[in-house]
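Heads up, the next two complexes both have chain A, just with different partners, chain B and then chain C.
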Partner chain A sequence: MGKLTIGCFSSLVGSLSLDFAVKLANTAIKKGHTVDFWVSGNATMLSKKGQRAFKDYSALMKIVQEMTATGKFQITACEACAEARGYHKEDTLEGFKRHSMDWYLASSFSADRVLHIGGD
Partner chain B sequence: MATKKLAFIVRSMPYKTEASRLALTHAIASQTVEIYLEDGDMVEPVVAFMGDGVLNCLKNQNAMGMYGVTSIEQHLKNSLLLDLKVLICKEDVERFGLSESSLIMDAEDIGGETKATIVPFSEIQQEMETSNHLLFF
Partner chain C sequence: MRLGVLVSDFRNVDDTLSRLKADKLGLILVGNGVYLAAVKESGKPSQVLGMSPDIYALTEDLQTRGFSDADVDKRVKTITYDGLVDLIFNDYEKVIWI
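Let's look at the complex of A and B:
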């Protein structure tokens, strides 16, 4: 089984790129792979506590928690990107780490595949 | 001990989105990645601007004046100051009618010695083929 590193920069609401990236991660985990997931830029919104699920908006918190519980999934938010958006440490969902961008590069170093989904 | 090459391919226009800025800040983060790696392991970044992305390399950006933020120009110069390999696609430079003199080719004003190079796409492709991972911004 391999290690996948996924980076995503798209916001939780307003784009479906983050949904795609999370679902891809979930599929990889179900196949037995491990996944490191990096959220940077607007995607740091995913790390924010207090999200409320509406039928009209993407809600990914539950699936992220389920993936984290498998022990095969690490999710890390870019600390500077989060702070710039007013998402502080105390606002961060349980299970999320916060690091600088070098964490992503280090994860890429040891990954079998890197999928940089990007986004606005 | 291993070195993994990561190619940061910048295709986004400057300032329209955060993408090109994040490409450079992530590439620059290669300078501190060792704290997470085993001794002797390294990440070698290469930054390539192509398509609309070559517009990030225009000189005399005034992001601080217009938006109150640091410019892509400053990030690009910091990349050169840190000796990152920076490539600019020749075909796309010509497509936009740009000249080398209109582009940020060095960081001499802040003490940098490394220069950016304008290269044919085939050279960028070669860099991509020899990279361990590609990151498109």
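Let's look at the complex of A and C:
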């Protein structure tokens, strides 16, 4: 088994890339791998508390919390990107860490595979 | 180096792909990139399909766009997310996203 680090900069709504990245992470965990997940830029939307799930809308909060509960998945939001978008510590979903990009770099260096998904 | 390229767009990828050099180059079509596997323009398939002997397309993204296996070019192997994870960990050392 191995470790996959995914960095995603795409937004939660309006781009399918974040959906793809979360599904990929979920499949990797189910196959026994561990995943570190870094969100930057508009992807920090994913860290925001209180998201509502509508039928035809991308709703990833539940799957993220389920993955976090496995203990094989860490998810971290870029603190600066979140703050720049008005997401503060108290707005952050439980289980979601907040760090500077150092966390992403350190994770990448210790990963077996790294996948970086750019902005929208 | 064994390089896996996740192609997530239908347009503007030929030039980038043609510049990539790898001992083994795998193209993995996801998102709107799956259109490359199934759409013909002026009756011809995309030239991307000639850029590597190892081309894959994500079944879920084909189906959400209304394509069945019959629509997919014979050079393309369809995979699930399960297969994609195996490709990433077993077949390619580096993976990039375009």
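Odds and ends about this structure:
Criterion: the second predicted complex is superposed on the first by the 120 of 120 C-alpha atoms of A that agree within 3 Å, B and C clash if a C-alpha of one lies under 4 Å from a C-alpha of the other, contacts with A are read in each partner's own complex, and residues count from 1 in each chain.
The rule we apply is simple: a contact is a pair of C-beta atoms (placed from the backbone, for glycine too) under 8 Å apart; a residue touches a chain by one contact, two chains touch by 3 or more.
Model, not experiment: these values are computed from the prediction.
In the superposition on chain A, contact of A:His116 is made with both chain B and chain C. When both complexes are overlaid on chain A, the residue A:Val64 reaches neither chain B nor chain C. When both complexes are overlaid on chain A, the residue A:Asn42 reaches chain B alone and has no touch with chain C.
Legend: residue contacts after superposition of the two complexes on their common chain; A:Ser17 is shown touching chain C, with no touch to chain B.
In the superposition on chain A, A:Gly2 makes contact with chain C only, while chain B stays out of contact range.
When the shared chain is aligned, chain B comes close enough to touch A:Ala106, but chain C does not. Shared interface residues of chain A (contacting chain B in one complex, chain C in the other): 113-114, 116, 118. Taken together, the chain C residues at the contact with chain A in this complex read 6, 8, 30-31, 60, 81-82, 84-86, 88-89, 95-97. The part of chain A that touches chain C in the complex is made up of residues 2, 4, 16-17, 20, 23-24, 26-28, 31, 33, 112-118. Only residues 7, 9, 40-42, 100-106, 108-109, 111, 113-114, 116, 118-120 of chain A touch chain B when the two sit together in their complex. Within the complex, the chain B residues that touch chain A are 4, 6, 17-19, 22, 25-26, 28-30, 32-33, 35-37, 41, 43, 45, 133-137.
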